[in-house]
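Note sheet for the following structure.
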Amino acid sequence: MTNFTHFDEQGASRMVDVGDKPITARTARASGRVRLRAETLARIRDRGMAKGDVLEVARLAAIMAAKRTSELIPLCHPLPLDSIEVSFDFPDAESVTIEATVRVTARTGVEMEALVAVSAAALTIYDMCKSIDRQMTIDSIRLEEKSGGRSGHFHRQPGA
Amino acid sequence: MTNFTHFDEQGASRMVDVGDKPITARTARASGRVRLRAETLARIRDRGMAKGDVLEVARLAAIMAAKRTSELIPLCHPLPLDSIEVSFDFPDAESVTIEATVRVTARTGVEMEALVAVSAAALTIYDMCKSIDRQMTIDSIRLEEKSGGRSGHFHRQPGA
Amino acid sequence: MTNFTHFDEQGASRMVDVGDKPITARTARASGRVRLRAETLARIRDRGMAKGDVLEVARLAAIMAAKRTSELIPLCHPLPLDSIEVSFDFPDAESVTIEATVRVTARTGVEMEALVAVSAAALTIYDMCKSIDRQMTIDSIRLEEKSGGRSGHFHRQPGA
Amino acid sequence: MTNFTHFDEQGASRMVDVGDKPITARTARASGRVRLRAETLARIRDRGMAKGDVLEVARLAAIMAAKRTSELIPLCHPLPLDSIEVSFDFPDAESVTIEATVRVTARTGVEMEALVAVSAAALTIYDMCKSIDRQMTIDSIRLEEKSGGRSGHFHRQPGA
Amino acid sequence: MTNFTHFDEQGASRMVDVGDKPITARTARASGRVRLRAETLARIRDRGMAKGDVLEVARLAAIMAAKRTSELIPLCHPLPLDSIEVSFDFPDAESVTIEATVRVTARTGVEMEALVAVSAAALTIYDMCKSIDRQMTIDSIRLEEKSGGRSGHFHRQPGA
Amino acid sequence: MTNFTHFDEQGASRMVDVGDKPITARTARASGRVRLRAETLARIRDRGMAKGDVLEVARLAAIMAAKRTSELIPLCHPLPLDSIEVSFDFPDAESVTIEATVRVTARTGVEMEALVAVSAAALTIYDMCKSIDRQMTIDSIRLEEKSGGRSGHFHRQPGA
């Protein structure tokens, strides 16, 4: 079994050396879900009723947080990201799903950036709606796909 | 039904005015879970095998992220926090649960700070373990309890 | 003539001591204007045509920047802001005006926070529109009103 | 007419993908002006009288803010800047003009970095002088020149 | 012997709860020294020769870093500082000494803010001078005095 | 004698232009020392007695601070670091020594990043131990080695 790469032989944390890795185009896609009451979701989707656009605030929070991933996750590398996209969907009457895709041309990948974007979007939806619904839950934050690195193309196994 | 307080009558986002609210002692407690393979969890729990302390890195990430909540969540108030505590538990062979408790003496509460702490801890566990387990999922991030504000004591309903 | 308070007797910069000032409710209101082509403005105002809401992005940038004023302006005090509101108006076919109102209960005022909010909104409008209009100009950023501090109520003189 | 590039087909904000653009040397130059009372300007220019160097504080604020442009402007790319220079001039007895030049070798340009530098310098001059002159106005913040990108050399039209 | 307050009974890091401590006026004063070549110091002191003011840059770096202490030191509380002052002295031909005094009215003290200010000033002097002197050393960073907290007045013992 | 590169001909601060320098692999190694009471050091080294790992907290603070060097040191370039490693040693009963090694592939070097890492580690050790030992001193922060840049390999002279 391989080791935790973020620790050295003595168990000390480190920011892993990526200096010898090639610069390649890399993409990561992550997703997550906020579960909330049907009335809350109806309001989010009807901007007239909501008197504002909850999801656009969440999207901007996601983009801005992704750019600061290396400040939030202690051992992440700072990276000059190429693009960040965030989309929302409504698979049922009580769920918003979030998907974030991040691209970079660098020596290491951006899966943490994609996961941070999803988390920030979910937390912002929570913040925007908490005055009317405090039982919301954030679920199923996970990596969906990852490409461009040495470890090859990763695609989440269905049902995993 | 009450409105989204983060929008004004015209639907513009705003940081809500809390200037007229009293300064009170407030607490929020949030929780979440990382689901991972049994082998991964066994390694996290055995610091000798892991050659390092994944959970302590996650805990520090949580504390540091909670302090920066108002930078991450667009409409959150900046608050001089009184305390942040983060704990972990292992309810089964494939789960780490995270609980964060944040306290403040202020005009508004700290539920977003507690939720940000839990999210940052979960994301950091993901980052530390992703070289050996890419199918991890972050689940059930939610507010457990909240007290000290105008809206009274909130305690999550079991099974909700 | 009074001195620059941000320098001491030897000319050294300092963050002025406000420890002896009373905690009072303070408000500052600032404004500014972006001058742009009539076609650009028409697009901003018609969200359908723009396919997105330029002003909402600018508003969130303003709110988030105001919270970080003490990081941007070297000698500003960090303050736990009570509220931030940002509004837009269109006095003619080639202008967007921005107005920001910030409130705090503290030992010092928030005029810099209001001015930073206006500047960030203006810069974000520029960024959002620069692909179609590079001749935009940001103008007339100034304090409109200020109250709650030792120096009494300030109201900008018309025509000044 | 071209579209707002910061929105996708559905009107969602995004950080535009620059991954396919070539890495080139890019420069942007922006300018702005602070209008203030003649006595205030006289003091700024006479460091002995001022007992400190207002413009050097403003210059450092400009340089430091430019480095954080991607944190302030929601859809800006984070960029490893090559250089930042900021200069001041005094075209008349009641004006300080600010000029900032930023360089980078990257897939996208630095006009926002130059504009942020100018804005931060202007705001800092305001902050340093506000104890003696509250009627100051920040004016004419605009892009002067831009080179190195796909859109060719931009030079502001005189009188525009 | 008392315990490390930043760890709980299980050894977990925490941001200590200060919610029950009284709000009092607190001051901390720290100092440090940069040892450098006599020629380097001569240049720093002669702003004409240096063509710029190294110490003023260092002073601003110190003030700005002190405001961000809670972002740098993992378990520090975020505090709304009342004042920051930084001064320099030259006890011999090869030393610059730095002294920083920070004040706050809060539930916990500011010794880390004073120490961070001194460290940032020293590092900035190093950065400004490293092109002409790479053998510089930063020494004797320490707390000199602290007052206003529960533990009473601390004054460093001479020769300690 | 060469000039301070951070000032231009007029003495204005600037972020030096590195656009014409080649991209090379660069390393910097810095060190420092915390002097503390023998009892304090004994506790740090015995994690059971300390009920927590002071040095691991310090290590993470060092890594996270190094990534933010360009925010702390006014004229430093933002750099996408390749790796950061931090180690501790105990040369005598009253000293912890800290060593940080930073690597980058860039147009300019990382000596400030290595020095910032060491400083942050030292300050965090101070913070963690200050409840039991307030006479600690931070000493001998200095560059040990630097390679990969135009100025060739630098290795600190013994005894300097």
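Think of it as A, B, C, D, E and F in the order they're written, each chain with its own count starting at 1.
In this section, contacts are C-beta pairs under 8 Å (C-beta built on N, C-alpha and C of every residue); 3 or more make two chains touch, one makes a residue touch a chain.
Keep in mind that what you see is a predicted model, and the values were worked out from it rather than measured.
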Starting at chain A, fewest touch steps before arriving at chain F: 1
Chain pair with more C-beta contacts, D-E versus C-D: C-D
Superposing rotation of chain A relative to chain D, computed on C-alpha atoms, to nearest 5°: 120
Chain whose mean Cα position lies farthest from chain D: B
Chain whose Cα centroid lies at the greatest distance from that of chain C: F
Chain C-chain E separation of Cα centroids, rounded to whole Å: 31
Chain centre separation in whole Å, for chain F relative to chain C (CA means): 37
Sequence positions of chain B contacting 2 or more other chains: 8, 12-13, 53, 56-57, 60, 64, 68, 71, 74-75, 78-80
Chain contact graph, described as a line, ring, star, complete graph or other shape: other
Complete list of chain pairs which touch one another: A-B, A-C, A-D, A-F, B-C, B-E, B-F, C-D, C-E, D-E, D-F, E-F
List of chain B residues in touch with chain A within their complex: 1-13, 32, 39, 43, 47, 50-54, 57, 60-61, 64-65, 68, 71-76, 111-112, 115-116, 119-120, 122-124, 126-132, 134-143, 146, 154, 156-157, 160
Chain E-touching residues of chain D, taken from the complex the two chains share: 53, 56-57, 60, 64
Chain B contact footprint on chain C (complex, rising order): 25, 56, 59-60, 63-64, 67-68, 78-87, 103-105
Of all residues in chain F, those that touch chain D in their complex: 8, 12-19, 70-71, 74-75, 77-80, 106-107
